[in-house]
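You will see two complexes here that share chain A, one where it goes with chain B and one where it goes with chain C.
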Partner chain A sequence: MNRQLKNKLFTYATWIAVILSTTILFFLFGVILWNGLPAIDFNFLSQASSNFGASGGIIYQIAGSVLMVLFSALICLPVAIGTAIFKSEYVISKKLHAIINTLIYSLNGIPSVIFGIFGLILFVNILGMGISWIVGSIILAMMILPTVTLSTYHSINSIPTVYRESSLSLGLTKWQVIRKVLLPQGFSGAVTGLLIGVARAIGETAPIMFIATAFSGVAFPNSFSEPVSTLPTHILALAQQATNPDALQNAWGSSLVLVTLVVLFSISALCFRLKHQTISKR
Partner chain B sequence: MLGSTNKIGKYYVYSSTLISAFVVFLIFIILLLNSWEAISTIGLDLISLSWNPAKGEFGIISMLYGTFVVTFIALVIAIPLGTFTAIFTSEILASKYRFVVKSVLELLAGIPSIIYGLIGIAFLSIWFQDLFDLQSGRTLFTAGILLSVMILPTIITLTDDAFHNIPEKYRETAKGLGLYNSEIIKEVLMPIARADVKSAILLAFGRALGETMAVMLVVGSIDKLPSPLLNWLSPGQTVTSKLGREIAETSFRSVHFSAMIFMGLVLFSIVLFLTVLAQNSSKKTERLYE
Partner chain C sequence: MEQHILKSKLSVVGKTTEDIIKLEGLHIWIKENHILDAIDVNIPKNKITCIIGPSGSGKSTLIRSINRINDDVDGITTQGNINFNGSSILTSDTDIASLRTQIGMVFQKPCVFPKSIKENVLFGIRHLKKLSKIEKLQIVEENLKTVSLWKEVSHRLNDKAISLSIGQQQRLCIARTLAVKPEVILLDEPTSSLDPLSTRAIEDMMVKLKEEYTIVFVTHNIQQAKRIADHLIFICDGKLIEQGNASALFSCPQNSQTKAYLKDQYCAC
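This part shows the complex of A and B:
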């Protein structure tokens, strides 16, 4: 086989792979849109679900999902910022840095269902908090912690050393430097990370399905210790009665709403990142 | 006064780092403590074939087998497909479209796994049922195919980065020597990008092992090894689908519960090992070429 032929074959192989990947991609988006759009109307978005999800809308599912990720962001933020400051400003030894990195990446790699059983054992059973949405928020906060920490770390770490040195020489204490000089910058990184994290958290099913949600008869919670219904778990419940065409229709509708929420969070993360480029670029 | 806020700030920073670091250990300890009962009462019988809680048999082999078969199918499809697509986006496609491709891939990676599961139930399993004339389309093979679609964006986007980070001068030099495009990619770029590609694959491997919702919906959920062993068009069970289906119905602190947690612990350890491996693999090349 000569070189030219090999080159041609290679190019063909690449093209086949691209066409296949693109087909899969269009199929996925197409299916979600094609099946989801007919299910969605104003009633679907504004009513409570009834008849085990086969009729009615998904207003409480949307509310439950948003509530849960909102609180997970609130829980995650202070810890993530603290860890990022430590990693960027306090650690000198390379070894400690590597250990912290390994821990953060390990946390990021843990399968979502493991978080679920961890929450079930620790919060629901040992601490006796019961199946409640706040447990779900805590677990989701743990899941997005690495994303937010790394994003914050990168934006703090990219601030040139000159800024730290000149503010220190003006007589500021280390904490004042962090608070007045570094944090305003780092905050944009934290928000970007949070938006990416929330986009991931809102679609997670496995970690919350046995610790935070109930399927039917759930309205907006009045306290921290009540279960809610969320979009992903709603889709799961509907998907398991896939022989019922009405339920399936509503499952597609909920999927489209969920994907739209994910896309919204991802796009705002992107816009935020582009708007707040760090000063090091200048 | 100034000194005290300085101290408070320091305490805050230290304690939040401790919390972050503590989480991984806490998860490990909780899993270990709760699987201890199964390890001590069942012992080596955990590594056997039959899972039957009523008879007190808790063998996790068939679940582990399912997990590895499903992951194997996914990787066998996604690695070549993903690598070739990444070579296209990085080396052949004009770089002004790169932003679009990257954004679309990011979107694709962001589709929640439950929606993949829904697509698997509504389309894939029905197609396979008709295509192979099966009793049910929910099989190990279906789960593997679905999983390959799910990890495809991860592999494409990380491999694309690996190729894109190689300085232009390598390509120009190789071109100047009269090499064809395919030769440049195979002989020049691939060796440089190899470590990063390897870490991308390891990450995808880890993700595939831990994927729950989509697999759980299409794998069939039967705790048996297929017979014959390589008949992957039969229903099976993975560790994650077993946990997802059964854990909520198992009473806390029973041997049954403990055996399930042991399964989780095994999965946790494997995925952790892969993550650390992936991280080390990409770290070595940090300053290889400049």
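This part shows the complex of A and C:
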């Protein structure tokens, strides 16, 4: 085969791959939109569910999901920033870097259902915290910790050394350099990581279904130690009654709302990253 | 060699200048590499000391050890002594942050923070002490005037510092260093990324600044050293080849290597 032909074939192959993956994506979105839109109206978005979800709306599911990921972000952020600063500014030895990387990637690789079981055993059984949304937030925070840590680390670490040295030679202490120079720059990375992490966390079912959620009869929680209902667990419950067309319709509607939230978080992550291209890019 | 050191010491005594910094038998290793080998130099007060030498000879390593910014380099070992105003700065209980307010540093590439011009001038000093609004304005004006930037930027102090030209940025970096009121200013090839005009502006500024400050200036440009140096240090391959009064050294270098380097920027060491 001559080289030009090979080159052409290769170009076609990459095009086919791109078309295939975008088709799958649009097909998925299309199906969800097509089936979900008829279920959605103002009542669906503003009312509590009734009849095990077959009628009524999903306001408490939306509230539960958003509440849980919001707190998971709040719990995750300080730990991620601390770890990122430690790794970037205090660890010199290459070996220790490798060990920390391995730990972060291992944490990222743990299947989500294991987090659920771990939460059930540690928080619910041993610590006796009961089935509550805050336990769910803690577990989700653990799950997104690697993403947020690495994103923060990369944005702090990519700040050129001369910025550190310039501030140090003006008499700033290392802590002042971290606070005044590195954190303001690294913060955009942390937020980007958080948004990506939250986009993932809000769709998780397995880690929270044993420890943080109830399937029906929940409203907005009044304390930390109550279960909530969330979108993914609601969809799961509805899918189990798929013979009921009303339930199925609401399952599609809830899916559309969930996917919209995920897309919103992802797009804000993208916008945030583009808007905060900082000194590290110079 | 010994005779020569004696001579340079005598000349120093003759002019009644004191040495503000003395390096005694300074060795630096980075991992296995012997970067500086038994460096003995003195830096006279209120003079411009130029450090020259070929690329990779250890000029940056030398100047960076004076404010201990080298401390964070991976695998660095330092031996010997550095005296500043009569006391050692290499002890473990040296207050490094306060040392760096006395010995400031300007780097090769101008490095402004992503803040306004005004904030950049104040960046160091505002972390050292509380300043009133009026004090802040005074500091900004005074130091921008010293680096002859005031006329150009006084009407846009709140603009981002990145909007300045590279030459202006470097002068801003110098103003920021001056605002902290150090005694010594270390500059590591501060003009090597600048155009000839900005370079001259900085050279002229150095000559003015030496009345108040002691200047240590690394350059690979011999003509530049000739224009501004009072005291000259020539190092090659991590070793001190020759140091002394600049005009004396330029007119009749004692060492054949120095002669060759000053003549064709070539060193066979």
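Following the convention adopted for this analysis, the second predicted complex is superposed on the first by the 256 of 282 C-alpha atoms of A that agree within 3 Å, B and C clash if a C-alpha of one lies under 4 Å from a C-alpha of the other, contacts with A are read in each partner's own complex, and residues count from 1 in each chain.
Throughout what follows, contacts are C-beta pairs under 8 Å (C-beta built on N, C-alpha and C of every residue); 3 or more make two chains touch, one makes a residue touch a chain.
Since the model is a prediction, treat every value here as computed from it, not as a measurement.
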Superposed partners chain B and chain C on chain A - clash or fit: fit
First, second, both or neither for A:181, with chain B first and chain C second: second
Contacts of A:259 with chain B and chain C, given as first, second, both or neither: first
Partner chain in contact with A:241 - chain B first, chain C second, else both or neither: neither
Partner chain(s) touched by A:173 [first = chain B, second = chain C, both, neither]: both
First, second, both or neither for A:157, with chain B first and chain C second: neither
Winner by number of chain A residues touched, once chain B and chain C are compared: B
Which of chain B and chain C A:165 touches, first, second, both or neither: second
First, second, both or neither for A:47, with chain B first and chain C second: neither
Distance of closest approach, chain C and chain B, by C-alpha atoms in Å: 10
Touching both chain B and chain C, residues of chain A: 173, 176
Interface residues, chain C side, partner chain A - complex: 67, 69, 74, 97-98, 100-101, 104-105, 107, 109, 111, 113-114, 123-125, 127-128, 162, 173, 176-177, 180, 186
Chain A residues touching chain C - in the complex, by the definition given at the top: 92, 160, 162-163, 165-173, 176, 180-181, 185, 278-279, 282
Interfacial residue positions of chain A with respect to chain B in the complex: 3-4, 6-7, 9-11, 13-18, 20-21, 24-25, 28, 31-32, 35, 78-83, 85-87, 89-90, 100-118, 120-122, 125, 142, 145, 149, 173-176, 178-179, 199-200, 202-206, 209-210, 232, 235-236, 239-240, 242, 248, 251-252, 255, 258-259, 262-263, 266, 270
For the chain B and chain A complex, residues of the former touching the latter: 2-3, 5-6, 8-10, 12-17, 19-21, 23-24, 26-27, 30-31, 34, 80-85, 87-88, 92, 103-104, 106-108, 110-115, 117-119, 121-123, 149, 152, 156, 180-183, 185-186, 203, 206-207, 209-213, 217, 240, 243-244, 247-248, 252, 260-261, 264, 267-268, 271-272, 274-276, 279
